[in-house]
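Note that subunit A is present in both complexes that follow, paired respectively with subunit B and with subunit C.
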Partner chain A sequence: MKHVYGWLLLTPAAILLIAFTHYPAAATLLDSFFSTGTVVRPSRFVGVGNYAALADDPIFWQVLRNNAWFALGTIPTAIAIALVMALWVNDRLPARALVRMAYFTPTILPMIAVANIWLFFYTPQIGLIDQFRALFGAASHNWLGDPTTVLGATMVMVVWKEAGFFMIFYLAALQSMPPELEEAAKVEGASRWYYFRRVTFPLLMPTTLFVLVNATINSFKLVDHLFILTKGGPDNASSLLLYYIYQVAFSFFETAYAATLTVVLLAMLAVLALLQFLLIERRVHYR
Partner chain B sequence: MRILGARVPVLETAAAWLLAALWLSPLAYAFWAAFHPPEFATHFDLLTPLTLQNFAKAWTYAPFPRHLLNTIILVTMILAAQFVLCTLAGYAFARFDFAGRDIAFGLVLVQLMVMPEVLIVENYRSMARLGLVDTILGIGLPYMASAFGIFLLRQTFKTVPRELDDAARVEGCSFIGVLWRVYVPLARPTYLAYGLVSVSYHWNNFLWPLVITNSVETRPLTVGLAIFGAPESGVDWAVISAGTLMAVSPLLVAFLLFQRQFIQSFMQAGIK
Partner chain C sequence: MKWLSALLLAGLCALGSPARAATELTFYYPIAVGGPLTKVIDGYAREFEKTRPDIKVNPIYAGNYDDARIKALAALKAGQSAPLSVLFSIDIYELMEQDAIVAWDDIATTAEDKAWLKSFYPALMMNGTYKGKVYGIPFQRSTIVLYWNKEAFREAGLDPDKPPANWTEMAQMASRLVKRDAAGNVTRWGVMVPSTGYPYWMFQAFARQNGQDLMNRDGNATNYAHPDVIAALQYWRDLGVKHKVMPEGTVEWGTLRQAFLEGKTAMMWHTTGNLTAVKDSAKFPFGVAMLPASKQRGSPTGGGNFYVFKKTTPAERKAALEFVKFMTQPERAADWSMATGYVAIRPDAYATPKLKQYAAEFPPAVVARDQFEYATPELSTFQTGRVRKLLDDAIQATLTGQKQPAEALKAAQDEADRLLKPYR
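Showing the complex of A and B:
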């Protein structure tokens, strides 16, 4: 009877999960071996043809590189800032609740709204950043129009948006730390920095790993800002893989090629999932 | 709340405040621009007259009430469905030792990595086949069976003592009755935490709603805002700021009112 009840309870969720996660993932893989069908030319099997096209597509390699830089540029910075934030608001700080709120607010705002505001910061000449620089006599700069600065400009905004979210995980970990540790350190006369370096930071290692993997997974899905700030430009300098998939599928209508790109994205997410699984295994040994 | 830790040194306190001010400044700036005439958008003078003109303009330029209504319908629909589906599935995983349970649970967790927004191409095709393109149901459907929710509720249900379960059964409760009378009330904090995370996620979600909608009647706030704020629309900064603030204000006000609850919810959802 327990078998029947168990499956009965699971069925509604299972149907939706299969329909919108497992089935489309499998269909994506299948589609990547076929050509895009049109009215005059129906879809046909092309083997690894789409993958060959992918290997020759300079934009694909560029968005992949951008994704790597984007992850390298945003994740360590956001995590470091998040850790400092968490340490501050976890200790006795005047106006603590207010400060914590300030750090966390960007997290609950939609990326679209945030990008609308930041777009104005980056606007050449009349934008806030250029006006500030003009006070020191610096020349105007088109932050989002210059391929060398555009990715960096989007990364600064993303760090601002994400740091408060990562802070939450550190805060949760800090609050579960036994207060005796800090008392013992005080008795021993350990400095604040020494205590952080030798006690707090090592104890937070599992949290750091957890945040690291989740932030990396998340970095593949962060594309909303591109719709407002740059549309992936100039010359794909700020484009990311998921945004490119969107363009290929819904602007160029190359659905088979979009499926091929999605397979690459899924493969990368699978590797990360495996990594996370192994890390969680290690976390268990930690305790 | 735990006992407070060490006092933060003065220099660090100043740095913490500075960072807080920096973190709030984009939002503060949006407020400034929205409440002042456009020509003062970058001219900071405290004596500048305040105005509500920008809000009035934004209100007429874009159908904000309709977008707001769509978003409210969307998040409510998703949350209600998630509560029902995830409760049933979480209960199955927590308390029923059925054949293939571990494999099924593994398959559910796949969705933690492969969120619906990654599969936009294929899911769009499915929605087209179901005739759900450009409907609010179409936006919400892929998110209703949430692996995160199932996982969270499973963890919570597992902490319910078996004795309570047995006692309720002795009293004559059916297994659905036990779920409703014992498990659900005990998991109330988890529902609250999950609810806040879910609502703020779907209030802010953009890519999938953009793909699947193409009319004012279905577009949620984020999509409406993106169209409204596009440089091609030729609307000035002050009006865009006003529109942006209108779009975020319901969630922002809720966050400010229930700040502690929000942060604790995200914390609780994060460590599970």
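Showing the complex of A and C:
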């Protein structure tokens, strides 16, 4: 009787999880072994055919490369900036609440709105960035129209948007740190940098791990800005894996191939999360 | 308590079955330009209900063209499609392949209805016709036109009332219009053609002007690698690299109108759908002209058509026909054109007093119509999303200097051939 009760308590959550997480994931895996069906040509089993097509698809490799650069460019920068901002607003400085709010503001804005604003920042000649550069006599640059700068331009925007969010976690961790530690360090004559390196930063490791996992997932998950800023262009120079999946699914209507790409994305994220937990957990300092 | 729920139930039943409206007609429509257009559409629906109390119309705004197509196809898969939709005119092959739509010829059977099917500009019917049957009735349709800043022309010593008529003139005039500051940085460009968002659409204009269409009428072959098509892309690239009258790299579709309004470019190619917006905010006199010619003039059409879906009852199809006939009446077409800048879809709309008067006060309103003579259908094939993207990528790779036009277009053509072979 007791475990019937237990199962009943679990049921609502289980139904939601199965219906919206596990079933779609399993169905996606299954779909990736079939061809895309239309009314005229029904779907049929193609084995690993879709995966072979994927290996031959130059755009897939390009978006994967873009995504790797995007992750490398955004994750460490966003985390570093978040940490610096958190240390800064944790101190007793005038108008602290105001500064904290200012840092957090980008996070509460919807990405679509942010992208629309940045689109005009980046616009050649009339954009904020070019007008600022013009003060120093620099020539106007086509930030989003040049394949060498477009990915970097989207990364800057994403770092700006993300850093404030991660700052909140660091700030919470800093506030829960006992003040005795700092006093003890001062008595021992430790410099501020030494104290940060040997005490604060190690104590923040659990937060760093958490933020790192989130940032990694976000770097694969955040593509809203592409709809507004570049549509993946020019010539796929700023396209990311998830945006490509969207294009394949809803603009090309190749649902089976989109399922294949999704499986690859899921597998990659699973491996990354596993690696992070296994490798970094050893070095995380728990109190 | 029982009587209360009984009362509620009875009330709900009464709500669910209104006395008169026999047929309910739900339709999806997208909006791709600015302005409070949902109100306009709702207004038309209410007006229609006054003339036909037996039909109830529910217009549902469905986002942009992509969203609308996704919603319509998702509803179709769920087995409850709306009987009628306005969708992108180039979605026709996708809808055919899903076996989703029926031909208007099969519904419009009376002599009067047949005459109605022939009342539109032929240029607008090309995207909606497949193997001799009409599947799409034009509704919100546009073409590309050239906007020019008369003040900039005057300043550069050009005749402000004479836009470029051909490619050579456009390059020459544009190079006189380029303005630089003391450090040699460009403060005003000669001309801008947007190359994000819908690069294939702009490129169709270049190709058509150079005498080529990019696909066949059956939607199963493309013509990306013809020497004249390659030359057209070379010209587009040369505007930036050789003539130096357009920024190198891609030009953003979304911010181009603002750049024109701020005088950062003296000319731009853009959709007529922007006409009303430019008219409302330009602080300088501007003109609107047909696109310049190379071997001939040319511009693709664009925009949305009415489609009627297959999973419908005969009564719904009849109701859809009545409603679409109402929406395409000359007066309504004229009204819609003035509210948006879209072209009025039939010649007799331009003969209505209100549109005549509007055109007399604001001549740019009829430029798009005059250009129909040189129009070509918008790029649309089977596998249209992918085939179109091949071209988009080739154009952007060329404009950003990563590939040569011939190399980029030949690769796109080979890949398109591979995709379209099963449909021949």
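The rule is short, and it goes like this: the second predicted complex is superposed on the first by the 273 of 287 C-alpha atoms of A that agree within 3 Å, B and C clash if a C-alpha of one lies under 4 Å from a C-alpha of the other, contacts with A are read in each partner's own complex, and residues count from 1 in each chain.
Rule of thumb we're sticking to: a contact is a pair of C-beta atoms (placed from the backbone, for glycine too) under 8 Å apart; a residue touches a chain by one contact, two chains touch by 3 or more.
This is a predicted model, so every value here is computed, not measured.
By the touch criterion defined above, A:Phe253 reaches subunit C but does not reach subunit B.
More subunit A residues lie in contact with B than with the other chain of the pair subunit B and subunit C.
Contacts of A:Pro234 after superposition on the shared chain: subunit C is touched, whereas subunit B is not. Within the superposed three-chain model, A:Gly164 lies in touch with subunit B and out of touch with subunit C [touch as defined at top].
In the superposition on chain A, A:Arg192 contacts subunit B only, with no contact to subunit C.
In the superposed model, A:Leu144 makes contact with subunit C only, not with subunit B. Within the superposed three-chain model, A:Ala14 lies in touch with subunit B and out of touch with subunit C [touch as defined at top].
Within the superposed three-chain model, A:Ile126 lies in touch with subunit B and with subunit C [touch as defined at top].
The intersection of subunit A residues touching subunit B with those touching subunit C, taken from the two complexes, comprises 119-120, 126, 228, 250.
Every residue of subunit C that touches subunit A in the complex is listed here, in rising order: 66, 70, 73, 94, 97-100, 183-187, 195-197, 247-252, 254-255, 258-259, 262, 264, 383, 385-386, 389, 392-393, 396-397, 399-400, 402.
Taken in their complex, subunit A has these residues touching subunit B: 2-7, 9-10, 12-17, 19-25, 27-28, 31, 81, 84-85, 88-95, 97-114, 116-121, 126, 128, 131, 160, 164-165, 168-169, 171-173, 175-176, 179, 182, 186, 192, 217, 220-221, 223-224, 227-228, 242, 245-246, 249-250, 255, 258-259, 262, 265-266, 269-270, 272-273. Residues of subunit A that touch subunit C in their complex: 38-40, 119-120, 123-126, 134, 137-140, 142, 144-147, 228, 230-231, 233-237, 247, 250-254.
Those residues of subunit B whose C-beta lies close enough to touch subunit A in the complex are 2-9, 12-13, 16-17, 19-21, 23-24, 26-27, 29-30, 33, 41-42, 84-86, 88-89, 91-93, 96-99, 101, 104, 107-108, 110-126, 141-142, 144-145, 147, 150, 175, 200, 203-204, 206-207, 210-211, 221-222, 225-226, 229-231, 237, 240-241, 244, 247-248, 251-252, 255-256, 259-260, 262-263, 266-268, 270-271.
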